[in-house]
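Read from first to last, the chains carry the letters A, B, C and D; within each, the first residue is number 1.
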Amino acid sequence: MKVGFIGLGAMGSAMASNLIAAGHTVTVWNRSEAAAEKLASLGAKTVRTPDRAAQGDVLHSMLANDQAVREVFLDGALLDAMDPGTVHVNHATISVGLARHLAEEHAKRGLDYVAAPVFGRPDVAAAGKLNMLVAGQSAAIEKAKPLLDLMAGKLWPMGELPERANVVKLAGNFMIVTAIESLAEASTLVRAYDVNATDFIELMTSTLFASPVYQGYGKAIAEQRFTPPGFSLPLGLKDVMLAQEAGFAQQVPMPLAGVLRDSLLEGLADGAEGMDVAALARVSARRANLDRRSKG
Amino acid sequence: MKVGFIGLGAMGSAMASNLIAAGHTVTVWNRSEAAAEKLASLGAKTVRTPDRAAQGDVLHSMLANDQAVREVFLDGALLDAMDPGTVHVNHATISVGLARHLAEEHAKRGLDYVAAPVFGRPDVAAAGKLNMLVAGQSAAIEKAKPLLDLMAGKLWPMGELPERANVVKLAGNFMIVTAIESLAEASTLVRAYDVNATDFIELMTSTLFASPVYQGYGKAIAEQRFTPPGFSLPLGLKDVMLAQEAGFAQQVPMPLAGVLRDSLLEGLADGAEGMDVAALARVSARRANLDRRSKG
Amino acid sequence: MKVGFIGLGAMGSAMASNLIAAGHTVTVWNRSEAAAEKLASLGAKTVRTPDRAAQGDVLHSMLANDQAVREVFLDGALLDAMDPGTVHVNHATISVGLARHLAEEHAKRGLDYVAAPVFGRPDVAAAGKLNMLVAGQSAAIEKAKPLLDLMAGKLWPMGELPERANVVKLAGNFMIVTAIESLAEASTLVRAYDVNATDFIELMTSTLFASPVYQGYGKAIAEQRFTPPGFSLPLGLKDVMLAQEAGFAQQVPMPLAGVLRDSLLEGLADGAEGMDVAALARVSARRANLDRRSKG
Amino acid sequence: MKVGFIGLGAMGSAMASNLIAAGHTVTVWNRSEAAAEKLASLGAKTVRTPDRAAQGDVLHSMLANDQAVREVFLDGALLDAMDPGTVHVNHATISVGLARHLAEEHAKRGLDYVAAPVFGRPDVAAAGKLNMLVAGQSAAIEKAKPLLDLMAGKLWPMGELPERANVVKLAGNFMIVTAIESLAEASTLVRAYDVNATDFIELMTSTLFASPVYQGYGKAIAEQRFTPPGFSLPLGLKDVMLAQEAGFAQQVPMPLAGVLRDSLLEGLADGAEGMDVAALARVSARRANLDRRSKG
């Protein structure tokens, strides 16, 4: 199949490399060219403008956020340049509002639109083992499925409305940030009683909470290691705010999200812009002023 | 060893049965006698008053809450009736304040005191696989260890101050209730977008959150099955408030705990007194008035 | 002076009428023409397009929200149609972000921009007694001052950066909504103890909280009278969210605002779209399920 | 009338002095004798034990908190020493739970019990202008009324159940602390935009919020003057927690109270133990890390 791929950050590059490795002809474009050249060395064809990557059967995109998607597809008029019948598979974590708008704009132009956001870090992407949410018209999904299977360990169908895959992705990220804040507050509490945070976290994450999210972030919190960021704190805040926005649009109060928003914002105010979301543990410790004590 | 066991609810009975099965002479007492008789049929010796259960080398107790512990040990003067050198192992989930007070009262009387709260449900207790936190003087723990090993899959030492085991237990229960509220809010959000809660929860609890707590409560939420309670909503509220109290005593703000408290209270106000903590999903759905919509 | 006025809702009409009454030549425009005609009967000159209202020395605008301001001034290209040197006085409650953007867009075109949001209801506006916040270049303010004095009981200078007047307006509205939620929660509490809400509110608002905001909203809550809305619940939510947005832009956590947002959203979900912000009392009572009780 | 007065802090002394000035024979007792001696110089009779102050027709008490009331009246067995028919008027701010318990204990012994908590600072008390909530049996209130009128500018009857006066007092204090936190968050927001907090607070407290609470605390916040405390931060936290406890007992969620609790606790953790509740402004500024900026 003739395939295009736009957006070659750590995730996009890893995902595209699986398509190339399987023998597909993949045309890639990225705003900064360095990333594209790395994929060229794996066999991708690089182009100077995104519309030239969009001339295949399926166009994948993995852009950073709403703004980048808007700039490339709407303001940049990429949608206008695509041929009817092309399937656009959007892997980005975007707002529900933009998801709905994109679905309409694709439909107007006879383009197929599939939302396929993913859970998983770059190493999981490289291994082709992502958990991929998929929502869109069945025919479009069917056409893209051989490609999606190369990138995902499992596809999770979420129906025909693309926005549903996006709201599930946001709900999942909300749960991740909640888990981290929960680890943060609980660790601060036990530390105030001179319990070693590492002992506490090892207990929790090897028993009741023996799952990837708790183990990964728990380790970072135990070691007070907040850089380099895997899931950066500003990105965590962005996703919590997108979850709130999705809640607002359907009149769903989310009191936990309100707490997360403020804690993350407090982290930013305290200089955690370059840190991982795990730095919520720092915010919590500061709030309790743990440092003033002679405690573990 | 001559062993006593006080407090024979579902957990206490399962724990005591492991001591009996291992051949120990176990004298049991319970406020209501029916539970004691069941253990008698397994080989326990039953007595009419708690002081007679407290005449062995080690006395275990697994009472319901602060009030029950106070009534039996302090108001009921059981402590005064125990011989110096006896080890009291308290498995109950109690406040940090009471834990500290009990440590002092035992010390005054030359009694050894070990706090050993547990994570695990009655079936785990019956299998002798509990995760047991242990804090107290080393010598006392050493003496009780053969008994603890019969009840626990793993012992987690938390130092010499008994209250530390209790604060860890409370921090753990706080994390459990947070996880449930997180599942509740996230499920309500996706349901407002017509995503099936079962699909969403299966996704989350088989990937990022593939751990016992999320899987157990996630299933209950997906099935909207809130009775009979495993971990009852009023008990969840009690534990969140004990965590807040522990935070207060050491000046540790816990904003998530504040949200949990209000959601649980709202559940009680709406008739969830006899339900599981999973009924937080009902509170969340009511807040968003989900029922007014024709949605999944 | 030759004056234009755009946006003739209840507030805008009352404000413009004071300019007319003072003998100024006022050219007015409003999206729906009925409102403009009413002012014509007072002596205003009506025009069919906003650019014709913008040809005087000073243009006042009192549009509903960010969207309306964007549509008329930016998308509708009104700014491009104005002559350099014209002073635009924007009385609307808008976001800090839009305020900043407007300041830049005016400057680019050699137009003077003054932000002058107001506190006060339509009857106060009609009496020319508004509290008016004013921020912008001194020369521009000086030019508009004779007009502002006709509408305001008092001008509150906030410096040269227009956005400062807007953030103050948002902070004030945040305080108003907080006061209402405070009355709501406190009333629910005392009602749960069979204290009459009217007695309680009379006590509070004639002593410690003897101020316009508490007295006005307190009366509505005591009488459970939530329609017709003065300050509508959706508008209250909009302003709280604008305050949060202003907080976000400067990394200022506002935990009270998070609570307000969720309570207002819960109100919307429960059908309070057409009610006053005072309907927060209904939300609070529902949360405590007060109706199930036989209580005052 | 023969009157006793127990508890001679700043408030109690001022209140008792009005009784003396009106010519009543007042017997006073205080834990530390210095305060009692000051009243003796005004004409009071001092005694060594509280039971001797309780032998008149009416006994007033103004003790610091639940603990002090319990110690004197219950543990100290003062109730047992009082003659049937004596009226005890309790002016303290205590928990609803203790209020209920005291009502029962008085009834058992044939003693009359009136709850009469007050709003107002010591200077208002000295002027005999307190706002006094009154709840209890009519006959008892009738008997005490001539005395209450000497201390209060106005009596606010709250029915026959004493606890109702107490819950109203707690609801009022909750509203006061909310108002302060509201001023704190709003001031921090505008300060982050370089608006002078003093200008902002003057605007708010001379218009929409022109009431004693906002003006008093607003001034302290504008001046960043947090000592000496009028209403101390630990006392504010105590009262917010008593309001939460009252809410818990009747299943009333109070999300604002949760926020207040955490902010106050954060203040304590940051060393505000000796400061006024107005120091919530310090907590809010710290949360936004305002100091790192070159801002007003």
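FYI, a contact is a pair of C-beta atoms (placed from the backbone, for glycine too) under 8 Å apart; a residue touches a chain by one contact, two chains touch by 3 or more.
Bear in mind the structure is a predicted one, so any value in this text is a computation, not a measurement.
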Centroid comparison with subunit A (C-alpha atoms), farthest chain: D
Pair sharing more residue contacts (C-beta pairs) when B-D is set against A-B: A-B
Euclidean distance of C-alpha centroids - subunit A vs subunit B, Å: 37
Inter-centroid spacing, subunit D versus subunit A (mean Cα positions, whole Å): 52
Touching two or more other chains - residue numbers and ranges from subunit B: 247, 251-255, 258-259, 262-263, 266, 269, 287-289
List of subunit C residues in touch with subunit D within their complex: 96, 119, 131, 133, 156, 158-159, 161, 163-164, 167-168, 170-172, 174-176, 178-179, 181-183, 185-190, 192-195, 199-200, 203-204, 207-214, 243, 246-247, 250-259, 262-263, 287-289
Subunit C - residues contacting subunit B, complex: 255, 262, 266, 269-271, 287-289, 292
Touching residues (chain side subunit B, partner subunit D) in the complex: 241, 244, 247-248, 251-255, 258-259, 261-263, 265-266, 268-269
